[in-house]
Amino acid sequence: MNENLEPNEMIIHLGPQHPMQPGPFRLNLRLNGETVMGAEIELGFIHKGIEKILENKTYLQGITIVDRICYLVALTNEECFVGCTEKLLGIEPPERSQYIRVILEELTRIQSHLLGIGEFGEFIGFVSMFMYTIREREEVLGLIDMVTGARVTHSYLKFGGVRADLPDGFKEKTISVLNNLKKSVDDFEEMFHTDRIYRERTVGVGVLTADVAKNLGVSGPALRATGVPFDIRKNEPYLVYKDLDFKVCTETAGDCFARVQVRLNEIRESIYILEQCLDRIPNGPLFPENTPYSRRTPVMRVPAGEVFHRVEDPRGEMGMYMVSDGSDKPYRVKVRGPYYPTLQALPPLIIGTTVADVAAISGSMDGCTSEADR
Amino acid sequence: MVLKNIKYALKKIPKPPVTRMYPEKASELSERFRGLQILDKSKCIGCGICANTCPNNAIRIVKVPIAPGSDKKRWFPEIDIGHCLFCGLCIDQCPKGALSSGKEYAKGLVKWKHKDLLMSPDKLAREISIEEGDER
Amino acid sequence: MDVTEILKSLTDTFPEVISEATAESGIRARAYVDREKAREVCQYLKDSLQFDHLCSVCGVDYIKRNELEVVYHIASYNHPVVLMLKAVLPRENPEIESAVPVYWNANWYERETYELFGIMFKNHPNLKPLILPEDMLGEWPLRKDYKGFPNATARNLV
Amino acid sequence: MTIISEFIVPFLPWIRGIVGLALIGVIFLAAMGAVWLERKLSADIQSRMGPCRVGKYGLLQLVADAIKLFTKEDMKPSNADSLLFNNATIFMMGSIFLMLVAIPVGAVFVNGVEYPLAVTEMDISVLYIEAMSAITIFGIFMVAYGSNNKYSLLGAFRNFARMVGYEVPLGITVVSVAVMTGSLNIVDISRSQGMLWNIFLQPLGCFVFFVALMADMGRLPFDQNESEEELIAGWITEYCGMRFGLAFFAEYIHMILGSFLVALLFLGGWNVPGFVANNPVLGLIAPTGFLIVKVVFVLMVIIGLRWAVPRFRIDQVVDLSWKRLFPLLC
Amino acid sequence: MSGIIDSYIPVAIFLVVALVMPPMTMFMVKQLSPRSNAASKYTTYESGSVPTGTARIQFNVEYYLYAIAFVLFDVEVLFLYPWTTVYKGHGITSIAVVEMFAFIFILLFGYIYLWKKEALTWVK
């Protein structure tokens, strides 16, 4: 990048310690005045070697490790890992467990999107937005905390079920929280729609077209904002998503405004899913009949085989490729994180924009470097 | 224009704060909160399943007196809280239900040195105070 | 599009290159590909079979067979089938044609696989370490015979 | 008695100047108050508590901060230009002190006769204040160029672009106010609004002046020069310790003086009804108090706006000035 | 004449204070503050990375046309200032208004020309 530097160009490093970033990575920008002429990303500041660690932990211990892939969506990560293992074991959780999982994962989606919207607000200078959303997120986290006993790293899912049943009073509390949340989401939307400064900063900024987004391998809200209805919950239903009624939220503009709008709509959609789940959740056991893998799991050997399982993370498509050689530890786990390709697509997207837009575009992707750099 | 934002901001001014003065006013913990483990010495058989399950190898089985000052020794788990993830697997896997979650998450767990974070069976059983040995 | 259809189309077009093409379930398929022709197969998949979304590229070290495998997970934005395309490489001097000209986002996946497994991707635009420091190049940490874990790599864990 | 007063008259400006120095202390305290106000108000908007540990309602927080800043190491990057880097604060402080000289901070009525509380009265004080206000930009650019930091450089150039855009609307609105009075003396302008405040005569002018002033001071919708999500802290990135403290205080004092300008030029200054002015006790307090109330109100508007709106991009800011405000004026 | 000079004497006093106060403060800080030496502490801050190249480059000022326009219009404002004082009560009000409007009108012409020439757009 140093080569061919013209006299009025300079290289500026954003990161690894920069308020714009969701985590440490380095963005090298070649600037001409305020305009970005070239961009390059360097990763690896918080590489945790999760894939190597998983190879050295038993399946049960692995659940606690995959929590740490992305601290915002620990339950979705667990779902992916546990789903892989369940496929290898050939078991399926009973319906009540599946509903509980869906409830918790949708709550996770809501809290992640709330944080994403707030962060985006902060990146374009609207600091209070972060506080508004984080306050709503706190309520949702409280619900998750009530069920799992932890706010960030839950280790709640088990092979073939969940660790514990929903506590008493969960339904009532959830419904009241969700009703408040609906009002707040409407408020946020109205604020975003009526604010002229916000519109000037977002409309037409960082535009991805459907073809380009597909080519770049982007998934999740960033892709859906371009009008592609790609959602693993619909394309390849897991758990009980095939019984539930929901629609895939899409926008057509593909700019920062559309991405945030997709997130807001997805929060509404998640609330709708949660209401259905709470109505329909059947009574029954948490684990399949006659399973050895109940709450207290023995040392288990997973049959040899390989599997690729995908779930819909709040940021897009999360996949895990697991190879088992019949021992009690996975032979190889490949984590396909959703933010990794999105981050990769950042440099082509920001070339030609200004420094201020870099923050807006990067923020609208709702990043989690921890997961890209796992 | 931006009037809606301003209105929203003004609406928030009279509302009470949602934050707390932390050390004075403790957080409300959920019932299933996983804090520092509690060991029931009468139930523990010293089998070592917890030590094998621990993802971070934080648990060690040590032979210690069954009570402070006693001559009789038995095997009990000793948890290095500095490495503990608070995942709760040891509690799930305990065959006798000897381990359970406590509510301590800050008190007694803030130490200057890593070695002070080693929770001996006595401390886990709350037979001696967990704040003991806290030099500052 | 159906799995059997896809596999049939694939084996018919590349009879020598594709082997062991099997359908695991309605939405998963698996096939081995000759490593010389991996890129052409990818190109065909993208152009003719709507496999326009590369999920991931990863390596697996089968030390007992003395082989490395490069696994492409190729999915589509239109149908739910995920094709697991595998290429077998020797453990000494593993080399394979880069898929970047076909799938733009293969770039980082291949860089990561290169530094973790030592698999050379020929004609890759920028094959240099992505997540590991430069001085760890050559240790190939995700291979099964890597000795450094956890003592060398996780040394700062007190 | 007369001899003494005759003796004093030639030295009167000197005495006024030296007594006026007390204003500097007052204004520093006021700046502390403004910072506290900002922190509390933002906390209220965001459902937080704000400073609450040091002193009652955290009132002493700023004192604690000042002590901290005083005892912090003064660091200068090794490849910075010492001359520019060290002396930039003089320009910033100079700018606000010299503004302060001409701004009347109130008035007292003794026996119905008005005495404005300004350190000095000059015929062209409005022009003078604007000129002094523009000096800050030198300080900012000295910091940015001296510290050899790329964020600072970008911030300083953004500052220039913004200044270039907003000095003209600012100037024109001031002229429009001055025309109504026929004087460039801020005391006269303020005094002339006894009947009707200028904001009612020129609502548009007031709006433009307010926006341009916000831009001039670099408050949030227009704080591109130190937009922290993009440029860490913009031009001030390399400043730390008390050097930062001085620049920070200069910024807040600038804000307070800006609020004074709004209150004096558009909100009727210290004018109170005649019966109040003639009251011996109220006449001493009421006009100044009234002015201060207005200033605090303007301050709160400025501060509150910061926490309720996003930030413009720099080209949008300049567009706003040249393509929106400018035609509005013409 | 002396009246005008008099009104600037406080300005001079404040100027002296402004010149002296920051160095004084920094001197006090020097006495109070601790000091330590570490080479990396004194590098330029660039988000934790080692800076590439210097910041003192030929910066591409994307708004130089604004700057030229600014000079133009600022001079206009300067010409307006004396006008304000003679507007009222000198018996030349009507002439002043007409003259001033003629002046502004001509400048407005220039402004429209600038806009049409797209001198008022941010150059990329």
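A few remarks follow.
Each chain gets a letter, A, B, C, D and E, in the order it is written, and its residues are counted from 1.
As a convention for this text, a residue touches a chain if its C-beta (ideal position, glycine included) is under 8 Å from a C-beta of that chain, and two chains touch if they have at least 3 such contacts.
What you see is a predicted model, and the numbers here were worked out from it, not measured in a lab.
Looking at chain D and chain E, the chains that touch each of them are A.
Traced through touching neighbours, the fewest hops from chain B to chain E number 2.
Of the two chain pairs considered here, A-D and B-D, the higher C-beta contact count falls to A-D. A simple rule picks the central chain: find each chain's mean C-alpha point, then take the one closest to the mean of all protein C-alpha atoms, which gives A. Between chain C and chain E, the centres computed from C-alpha atoms are 60 Å apart.
Our note on geometry: chain A versus chain B, Cα centroid distance of 29 Å, whole angstroms.
Averaging C-alpha coordinates per chain places the centre of chain A 47 Å away from that of chain E.
Spacing of chain B relative to chain C, judged by their CA centroids, is 43 angstrom. Contacts with at least two other chains are made by residues 2, 5, 8-9, 12, 18 of chain B. Residue numbers of chain A whose C-beta contacts span two or more other chains: 10, 12, 18, 34, 128, 132, 135, 195, 197. For chain D, residues touching at least two other chains, in rising order: 45-48, 150-151, 157, 232, 307-309, 314-315.
For chain B in complex with chain A, the residues that touch the partner chain are 1-5, 8-9, 12, 18, 30-34, 53-55, 85-89, 92-93, 95, 101.
Taken in their complex, chain A has these residues touching chain D: 10, 12, 18-20, 31, 34, 121-129, 131-132, 135, 195, 197-198, 200-201, 354-359, 363.
Touching chain B in their complex are the following residues of chain A: 57, 60-65, 67, 128, 132, 135, 138, 142, 145-150, 153, 155, 163-164, 167, 187, 190-191, 194-197, 295-297.
Contact residues on chain D toward chain E in their complex (touch as defined above): 12-14, 16-18, 20-21, 24, 70-80, 86-87, 89-90, 93-94, 97-98, 100-102, 119-124, 127, 145, 147-153, 157, 160-161, 164-165, 167-168, 171-172, 175, 178-179, 181-184, 232, 237-238, 241-243, 246, 314-315, 318-319, 322-323, 326, 330. Residues 42-44, 47, 49, 51-53, 56, 214-217, 219, 228, 230, 235-236, 306-308, 310, 317, 319, 321, 323, 331-332, 334, 336, 340-341, 344-345, 373 of chain A touch chain C in their complex.
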